[in-house]
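Letters A, B, C and D mark the chains as written, and numbering starts fresh at 1 in each.
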Amino acid sequence: MRGNFGEHFRLTIFGESHGSAIGIVIDGVPAGTPIDEAAIAADMARRAPGNDPTATARKEADAVRIVSGILNGRATGTPLCGMIENTNTRSSDYAQMSARMRPGHADYAGRVKYHGYNDPRGGGHFSGRLTAPLVFAGAIARQLLAVKGIAIGAHIAAIGGAADTPMDPVHVDAAALAQLRGLRFPLLDPEREAPMRAIVEAARLEGDSVGGVIECAAAGVPAGIGSPFFGSLESVTSQLLFSIPAVKAVEFGDGLAISALRGSAANDPMRFDEDRVVCTSNHNGGVTGGITNGMPVLLRVAIKPTPSIAREQQTVNVLTGENEALSITGRHDPCIVPRAVVVVESALAVALCELMMDDAANNALK
Amino acid sequence: MRGNFGEHFRLTIFGESHGSAIGIVIDGVPAGTPIDEAAIAADMARRAPGNDPTATARKEADAVRIVSGILNGRATGTPLCGMIENTNTRSSDYAQMSARMRPGHADYAGRVKYHGYNDPRGGGHFSGRLTAPLVFAGAIARQLLAVKGIAIGAHIAAIGGAADTPMDPVHVDAAALAQLRGLRFPLLDPEREAPMRAIVEAARLEGDSVGGVIECAAAGVPAGIGSPFFGSLESVTSQLLFSIPAVKAVEFGDGLAISALRGSAANDPMRFDEDRVVCTSNHNGGVTGGITNGMPVLLRVAIKPTPSIAREQQTVNVLTGENEALSITGRHDPCIVPRAVVVVESALAVALCELMMDDAANNALK
Amino acid sequence: MRGNFGEHFRLTIFGESHGSAIGIVIDGVPAGTPIDEAAIAADMARRAPGNDPTATARKEADAVRIVSGILNGRATGTPLCGMIENTNTRSSDYAQMSARMRPGHADYAGRVKYHGYNDPRGGGHFSGRLTAPLVFAGAIARQLLAVKGIAIGAHIAAIGGAADTPMDPVHVDAAALAQLRGLRFPLLDPEREAPMRAIVEAARLEGDSVGGVIECAAAGVPAGIGSPFFGSLESVTSQLLFSIPAVKAVEFGDGLAISALRGSAANDPMRFDEDRVVCTSNHNGGVTGGITNGMPVLLRVAIKPTPSIAREQQTVNVLTGENEALSITGRHDPCIVPRAVVVVESALAVALCELMMDDAANNALK
Amino acid sequence: MRGNFGEHFRLTIFGESHGSAIGIVIDGVPAGTPIDEAAIAADMARRAPGNDPTATARKEADAVRIVSGILNGRATGTPLCGMIENTNTRSSDYAQMSARMRPGHADYAGRVKYHGYNDPRGGGHFSGRLTAPLVFAGAIARQLLAVKGIAIGAHIAAIGGAADTPMDPVHVDAAALAQLRGLRFPLLDPEREAPMRAIVEAARLEGDSVGGVIECAAAGVPAGIGSPFFGSLESVTSQLLFSIPAVKAVEFGDGLAISALRGSAANDPMRFDEDRVVCTSNHNGGVTGGITNGMPVLLRVAIKPTPSIAREQQTVNVLTGENEALSITGRHDPCIVPRAVVVVESALAVALCELMMDDAANNALK
């Protein structure tokens, strides 16, 4: 249940990692919207495995079959279903371990919830592979936003504790974000790449994994988007961000750090820039009272290290009732952070579509 | 719009800080539930201002009038409306400044969204005062959870950068949480109270404010609650937590810090404790794959410093079109963190009710 | 649960007939909308009892207290709560019978659902009195629609089997609908009033009651409102219409009668009226495929006879476990149809607001 | 937009009649539920065309591919996607007429809503073919209900004005309903089949079509299911029933006819049948106050005559701007009523699942 997102730009994700196919139904793409399938493919490729040494060697084509909702390159306005057939799955890697609950994974929690009937192969519906449909939705959302002058981009803010230069919260522009999107290992300071890769490689060699932080921004978001309380930009966006497997923290603006500031330092002074109101700092990440204030929207998410590791771990065997040791074999990403960058961007893109549509509904009957 | 929370335990908040009244409609309290009004009053008092030097001197009775849904001390099963009349409002303090947008507040964002028609008095619908209805709902949610053996409690994890001892993530018990709830300034290490108060007092004397961090736990939550993706425990809970004005970050388990760990350190090993599966650490905060694993649920939220400060700030006057300086007068909390503790607990209590009801619905037709 | 309506123009109804108060929260009224309180009062008066011999002699002021969401005569854009205090309740009339389940009422069904804890006084949350908040919402919805050139009106199509002249389905104009709204006993053929009243009076004298049919139209609805399947105009409107206690049938266009026609008679031929597309008949009631086609929207609802009757009925006493006879005393409407006219109009007005807002959201991101 | 149904048993329908495929995602099937694919196929066959002279000669296999949510014959508990590939489509029959708006169809309404971008082939997303996924969902829902002792069945109550014997509203049993489900042309009085078929055949020969009425019952529904107001059994069920293309009226119990009765005739007397409360009549169709009372749930829907007819009709050509005559060629059902029987049953089955799950959620936290 609660498998749907949204009231306006609605997403319904389905599928299991090693089942027949995975997919998504998107309801809310305006009729007539030209759909740029090359741009979708580009985003899908950013998430796809097999393209970088930080990622699993599995190859997934992740080619999306458009089942409905697009005709002659344009959205029909009715539910748009995109599907990705599952191929190249080596379930035997996973089958042997299904009785031993993998630490850090949803194996045990899912087993209790679904009374043992969920599909354990490859993580089933819990698999990070299910973020591929979210990227598909995000790629479409991004196209809708682009027409409104909104651009979204993200970088690897940290891997294994090693940080990139943070974004300038006040000056974020669309061109810089587009440039980031072109990078397979998006950093603001390219000199950080080598040390970060070294951290990942060291972990990989030890059969271990590392996590990281992704910082994401949206430029060009007009003021007035979002609502107080349950429909706050942070509420809606965090619902999506925490849907991404492995996300354990979400921050807006200064986030955790703002809690150590004084009000005089945390408040963003305002001034007129010609007839536009701007802030001279952006500790609030472009959102106050749950509503955008016209400054760049800025957020960070913490990604935990990939739980699938080769190193031996202690766990339970639910069939034998014994405590056992487990070494996870198979192909796994020592670090999913680079592949997760586009997933985080997608979540923000979807949230902004939802909220901008909400705002239009609000104002429809004036 | 999007002013509602929930599909099962539904909340609809209404009211403006200095309007006629504020309130909430709760749909989903089971018929026949005995409602402990004294426990509600106790929670309301924890949030109410005027009880501590860290808070505003305004007195708000915050007595909740039960308008519907309770008969002879038990829930009727139909929508339960609780209302708090607004009294003791000194709007003149605020009226003078409504043209000057208060930095860090929703004044400007709200003005754009509502085209200048929202109620500016006391922050209107954006006011922290609107968390009182949320505490009312949380107090009822907590009673429902108590019957299921679930206890929720929180402490001030930090104020102005000064930290309390963190909770032991593995051993959280109901009695310890109950003890915390009895404290007006809840800390695990009582020796931290004096330095924290000194930080607040220093800020107050300088016409400034400070923020902080609240750590909250739920003990006794069974495994299997929550869903993957959009209905994850983190997604649903964060929607509520980010509804609380001033919250800028939400973390589960190790949160941001987990991003710097290796998988071998972040994964929580499992073992049988008699026939119960337990983890020997709790970096995941009791949630994997969006679903509880039977360990304590642990989260932290960052509260920004109160934006209402006496110190002069630079801002815009939207009527004159001029940049102007602003000193906010009136009664304001130099630190809202102590009062926000019960609000955070309430959000978690509501989220758990929602998700446990969802789980029951899932299993209804077996 | 499911006590809310809508995704855009959201309603949350609360209250019990003889409790403290009843009310509604409306989320979705655009900020800045001027609210005509006199027009609201006029609609409330149309529903209020005590104004006509067909209705109960109880007097209910039904004055709505605006608790939130309106400032200086305009909507603030945040949730609008209207509340009606309960006064003049004579619960003793009802108390004596709460053990004997009234036939045709929700007493028994409600007792099972709520395990005996629901408020039985005056029907509690099941009372027709709860339609007063719906009329309040409808009165506001009507004002929003009026700005878009949409007018709604209804008449008594039948009482106790005696029919009024049906509406001309092709030619419905706003002025004629406004005229109907000015009548306490709205009929297209005023000569039918005396015989209808005679039917009601005859039933009343025999301690009995009668039902009827209400026909309702909306003029000026643009083509393109509504969706196929679950969001069809008929789906959304019927959800609201069947929320009205005593409604047992809902028809659009020719309704039941269309099932006996051939396609060649039921299809509405189209032609250009200058550059506007019109139909030369309106068997479909202005809706095809769930979407408006620009013709008047036409519907009828069947209202069952008031179940509260003085005549002796056979029923069960749930406390004694005996079959018993029951004569309902107290003040009851021998016919609620005249008072229900404005409730039906309100349901259609709310549905149209919801769907027009949905359409605006759909088109927001083009 | 509003393309989803439900909060607990959630449906998301996608697809266009002559697109790549159509399908549905069902969220809420309990993990571990054995899925009887033969029973699904049997229901699909009841709806499928090509099996009866009343129906179109098109053959549609309507074989459902289970894309997700079932493993080893049991539901996994995660979203269940069923898909039907589109084959054997002869779009050329339709293509020629896409500029001429078919009377009685959604062509014009849809064109306005979707700005001309919707898929016109075969009616696109408006096609009756989209009821196939609903039947798939209904077949699963029926299996869930069967375990709870609930059976659903329906018959052709009328075709072209010729009526079958009505159901006995008080005595409806599961065996009789099962027997109806086994009939391709389900009638209570088999002697009515020949005259009904003659009516259909006469229409067909004249290039015309006929509509009809379907009466549907559920036996074994416990008392206490449904809610007052927006979640009434009638509200939720009618939302689904009016989603079925061609439905123009929905009645519960006596429906329209109850409006002509007196209260003393319409109220259903109650008595104890051992310790069970029963009614001695069932004018209310098993529902009072929106909640089931333990009597059979009874409803009727009016189906309009198939709008696709060969006879010449007057309409508009939206490309030329001219009024034109139109004769629809291609294969069409002269009467869809027999095929719609299982669709109506499916809608009721889905509604009951939704409401029973809602009831379980309500009672979860006692």
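Heads up, the rule we're going with is that a residue touches a chain if its C-beta (ideal position, glycine included) is under 8 Å from a C-beta of that chain, and two chains touch if they have at least 3 such contacts.
Quick caveat: nothing in here was measured; it's all calculated off a predicted structure.
Interface comparison, A-D versus A-B: the higher number of contacting C-beta pairs is recorded for A-B. Farthest chain from chain D (centres taken as the mean of C-alpha atoms): B. If each chain is reduced to the centroid of its CA atoms, chain A and chain B end up 26 Å from each other. Between the CA-based centres of chain B and chain D the separation comes to 45 Å, rounded to the whole angstrom. For this pair, chain A with chain D, the centres built from the Cα atoms lie 39 Å apart.
In chain D, the residues that reach two or more other chains under the touch definition are 1, 3-4, 7-8, 13, 28, 31-32, 77-78, 113, 125, 228, 358-359, 361-362. If you check the complex, the residues on chain D that touch chain C are 1-5, 7, 11, 13, 101, 103-106, 108-110, 112-113, 125-126, 130, 158, 160-161, 203, 208-213, 222-232, 234-236, 238-240, 242-243, 245, 247-272, 275, 277, 279-280, 283-285, 287-294, 302-309, 311, 313-316, 318, 321-323, 358-359, 361-362.
Within the complex formed with chain C, the residues of chain A that make contact are 7-8, 28, 30-33, 77-78, 144-145, 147-148, 228, 353, 356-366. Against chain A, the residues of chain D that register as touching in their complex are 1, 3-4, 8, 10, 12-16, 19-23, 25, 27-28, 31-32, 65-69, 71, 74-81, 83, 113-119, 124-125.
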